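Naming follows writing order (A, B, C, D, E and F), and every chain is counted from residue 1.
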Amino acid sequence: MKIRVINPNASAAMAQMLGQACQRVKAATTALSVIHLPGSAPSIEGAADGARAAFHLLDAVAVAEREGVQGLVIACFDDTGLDAARELANGPVLGIGEAAMHAASMLSVRYSILTSLPRSIHIIERNQRSYGLDRRCAGIHAADIPVLELERDPAHYPRLVELGRALLEADRSECLVLGCAGMSQWAAALQRDLGVPVVDGVQVALKWVEALVTLGLGTSKALSYALPRVKQG
Amino acid sequence: MKIRVINPNASAAMAQMLGQACQRVKAATTALSVIHLPGSAPSIEGAADGARAAFHLLDAVAVAEREGVQGLVIACFDDTGLDAARELANGPVLGIGEAAMHAASMLSVRYSILTSLPRSIHIIERNQRSYGLDRRCAGIHAADIPVLELERDPAHYPRLVELGRALLEADRSECLVLGCAGMSQWAAALQRDLGVPVVDGVQVALKWVEALVTLGLGTSKALSYALPRVKQG
Amino acid sequence: MKIRVINPNASAAMAQMLGQACQRVKAATTALSVIHLPGSAPSIEGAADGARAAFHLLDAVAVAEREGVQGLVIACFDDTGLDAARELANGPVLGIGEAAMHAASMLSVRYSILTSLPRSIHIIERNQRSYGLDRRCAGIHAADIPVLELERDPAHYPRLVELGRALLEADRSECLVLGCAGMSQWAAALQRDLGVPVVDGVQVALKWVEALVTLGLGTSKALSYALPRVKQG
Amino acid sequence: MKIRVINPNASAAMAQMLGQACQRVKAATTALSVIHLPGSAPSIEGAADGARAAFHLLDAVAVAEREGVQGLVIACFDDTGLDAARELANGPVLGIGEAAMHAASMLSVRYSILTSLPRSIHIIERNQRSYGLDRRCAGIHAADIPVLELERDPAHYPRLVELGRALLEADRSECLVLGCAGMSQWAAALQRDLGVPVVDGVQVALKWVEALVTLGLGTSKALSYALPRVKQG
Amino acid sequence: MKIRVINPNASAAMAQMLGQACQRVKAATTALSVIHLPGSAPSIEGAADGARAAFHLLDAVAVAEREGVQGLVIACFDDTGLDAARELANGPVLGIGEAAMHAASMLSVRYSILTSLPRSIHIIERNQRSYGLDRRCAGIHAADIPVLELERDPAHYPRLVELGRALLEADRSECLVLGCAGMSQWAAALQRDLGVPVVDGVQVALKWVEALVTLGLGTSKALSYALPRVKQG
Amino acid sequence: MKIRVINPNASAAMAQMLGQACQRVKAATTALSVIHLPGSAPSIEGAADGARAAFHLLDAVAVAEREGVQGLVIACFDDTGLDAARELANGPVLGIGEAAMHAASMLSVRYSILTSLPRSIHIIERNQRSYGLDRRCAGIHAADIPVLELERDPAHYPRLVELGRALLEADRSECLVLGCAGMSQWAAALQRDLGVPVVDGVQVALKWVEALVTLGLGTSKALSYALPRVKQG
């Protein structure tokens, strides 16, 4: 089973980190590749970065289709370019944002999201409303650490614990969703320290894509996600 | 990994059928058991049947916990007794209704549900609104065949194909969700004949519970799903 | 006019207390009976207790129908088993939760609910969303006193006043809904001390059921609440 | 108990008809008066008629307060001037639209409304959304008979039956709400002929206002419905 | 192009102030008139005042139509009588509340509203929900200064700045909407002092009505806003 | 006043057509430029085309800012790249989709949208839900004519009239929104032939941007639409 995780920013280091986390949980039969998009921004901070990432993502999805990849994960919590990617793919395509939110809504009545930057909140909110899961979300909070810092400096961890505890209390929340791929590596530690499920979308998306491929379920090619028409300018 | 699928009605035949479908897709490492609830109604048709099933489900969940079962599937599309079961369980508990709807919302923009009886529609609608997924559902339809008939008589299959085609057209829908555990066995054939993803919640729920257990994610025991307090009358 | 109030927990003391409150406000022509469910939990704290109560409620409703009872009140603020009871009944069946919320929405623009335990909040929220009344509710709060204590110890009253005042202020709320049958006896005192309408669902439900029976209005037996089909296992 | 039903149009004949229907169902202890507003339009057809009616209603409510009326019913399905009337009143004030919709939502899962004119539909929809009950309404339909005709010509009855049957079928609906005070007199016959509950808001509002007055519940005078401030120009 | 701004209260002084603000921004080709309603309340504080204003507004709209006015602005943030006015008018009719909210939703993701009195909040909320814009509003706040004071005493300005800053912070809001025509004169200063767009509905409504008239767009006369039928009592 | 209309596809012919329509309605003082994006798709049909257009749009917006453009219109009904463009701009940025929907909601209670292709419907729906205007929309319909054909072949006009009439009837709708920039040229004729307001978002967006610039209102640079941070890879 060929699965590919696409980190839609330009950080090879983050792709490597995601690859390590995914290797630990993937099925034995999964041939996993994790890539990044060199032409994209070093991190995705807002809608303009997202628009650039989505553009480069299109090529990556087309390549994956040609290479016979059967399922895709888009490893940015903004679910950057998700609809566009689905138009080009035949297998399942999951964003880590949607995967995490759906999972959290099945493990708890109310979950909270901790993302990195305030400017991402409205993007997550808009996605969440599109998925319908805003009804189950008790709050979206920004740790206010630039994305690249999270990846580079483990000293931010205690601040995450403190923030997590405070926002669960304030939101009367039962589950924490990590709102940034760069936080993946701390999921297990946070779950232990906070005492509630802590959901990392990267791992959930990978396992659920494996599940959907196993069951023969892919992206519907009827109407909304039909393959684009070939046009002449 | 010990996983249990609970068919919350009294039909041993249906449990057996579900077991066969699950055996084909479960992970090699999964120790799977499929049970039914002898004290329950022969099929769950409406809220009163559901209330009886939920009562007997409680004992089955308590037994599963004592036996070290790590993940549970409730194999009725009404997601009968789901909240109550979660209070008693530590691992993940997924209803086949919610699993199917969540999956369909990641494979298409709009899905339709085909259930067995008209009187189940408002129960599914209420659940769906609670999950937030009513926004993605284009319609819920009843095949108007009693549940036990679906299980017993394969001659109903052509009618399902015809109904499926008509409702996808009428709903401008891109994906079909099977709204009854008794329809599981026809999922693959319907997907082939209708040309869109056909989602069977039993199989999706099984695979996603496996995924969540693998990732160390269980039901939150904070607030809503905390273990019940021991009381004295 | 035969009306029955069913306290769906096992507390005879609470049934007796409810009976006294109801006797004071019932119509002269109403033949009122108030019962409890000995097989149920001593108090309903969460979904598992609720599932057990709903099971025993079914028998009580069937008995009431056989005895010619014309209208029913389910005296638990969670509206436990309401849909199931409606399937078995011909007359009107009102939950005290719904009755109180509907009344509050006609006496004020925004109301707040004070219930007993935090774990009941999500159940009330889900019901409220089903009724549509979440739009009018400014907040649901838990007094965090176990249900049985409320019934037994009047010393909790000043705490209720203080809590009521604080939550009305914080919610910018105009009306208080008592979110537990066990609080009924304090409705009048709280209304006097808080200066806003204080709605006790037990009394409202009783009077509104009387009204509906007088007008010849009962539970619709079309589709959702049709009498269950008789099945053979 | 002094209760007043205000027909907010200028039709004395309609007020008389409403008075007869109310006399049949009111409590023995209720001193009932039914009035109309001579300065208003002969029937309320749309928002401009409604604005004129609301203006004249204000005086009628002020008079009622001075005369010690304890509860009010506004007998137009548009719930004309309801918020304004509540500001001036101390007792409960119910519109027949809201009373009918709330009652229908407790007798069925889905109800349909049959009003007189197409131009009233958006007014009812807006009210319904404000009450939250749009979630329970399966459709609002116009019989397309001017209001005064309904009152004058009983030959329209068979058309109502036919319309009612067709819209219940089309909406998969379980209960019919009469969306015009002028239809009150046919409620009982329609219920008999259609086989589902048929809700007349005039009668429900009267009985529920009686109930609320009995329980000592009136309009909250905190915030939204506080008595208007006396101003100088 | 004949445009009329109707201040629906009885304050000639406020009409004069609005006229000055409008003169500064109107198109050179616009023949602008600004009127008040002498029969109305000196300020509109709540629903009863609003009902009186709407009554007098009807005559003013009828007069405007006869005089060939091509576009109307209703200069009360409650959008008093808006639906009724649209029934009588052929050109566009904009309320300053709706104009301000729509504009704010195109300049920011989340806006906050600062109105004058707490009792207006529920009226604005109801309108906003009808427009759909409640999703974009982060909060509605009352400065708690009677409307006439705002007009008369510039010393309230520093309090507005302080309030504005605090509520933008608390709401995580990106734009301030002035929720009262009497605040118009401070829009420019507030925008400078707060550093976010500050939207005055009077000016936006005027410019947008000019735009719609230029484009030949008026109020639809189909269905909801059709001219009222002429009736005989 | 420098205003720029950006046609985000690669069609110079469409840009020219839009320029002609805009010249007719712009203010005398407006220095208008209309551009297209040569690197984009010849027409925007779905999310992948949209992602490519959004990428090229970013450069166009940056150029416009450097050239002192004060207000922008994005002339694709999908509002392609709108959030990203707002991050880079200081003046107002309006999509023609949002402008048309907002305008229609102020001219009618219910509007319908006629777009070109079925695969655009879910994109418009998602935008509309984000704006809140889904509550006012009675239906979104696809004419099922490829975008470039609409521009090239006037013989499609009678089909538009027929479609428009049918969908207004079916939706009980009061206003028609043209859901594609390529339909702009037929707005006036359709309004004449259908008898309801027909809203072309290109013209409305242009006029409203002029209005906002006149009033000194631009995109909020607080939080969501703040200028992107300069990063190093």
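Miscellaneous remarks
Rule of thumb we're sticking to: a contact is a pair of C-beta atoms (placed from the backbone, for glycine too) under 8 Å apart; a residue touches a chain by one contact, two chains touch by 3 or more.
Please read all numbers here as calculations on a predicted model, not as lab measurements.
Counted by residue number, the contact pairs of A-B are over half the same as those of C-D, the matching pair from D-E, A-F or C-D. Looking at which positions face the partner, subunit D and subunit E present mostly the same ones, since more than half of the interface numbers are shared. Remark: subunit B and subunit C have CA centroids separated by 31 Å (rounded to whole angstrom).
Distance from the subunit E centre to the subunit F centre is 26 Å, each centre being the mean of its Cα atoms. Centre-to-centre spacing of subunit A and subunit D amounts to 52 Å, using the average Cα coordinate of each chain. The geometric centre of subunit C is 43 Å away from that of subunit E, both derived from CA atoms. Shared interface positions of subunit A, i.e. residues touching 2 or more other chains, are given as 109-110, 118, 121-122, 129-130, 135, 172, 223-224.
Every residue of subunit F that touches subunit E in the complex is listed here, in rising order: 25, 27, 92, 94, 98-99, 102-103, 105-110, 130-136, 168, 172, 174-175, 188, 191, 195-197, 199-200, 203-204, 207-208, 210-212, 214-225. On the side of subunit D, the complex with subunit E involves touching residues 10, 41-43, 45-52, 54-55, 57-58, 81, 83-84, 86-88, 118-119, 121-123, 126, 129-130, 146, 148, 223-224, 226, 228-229, 231-233.
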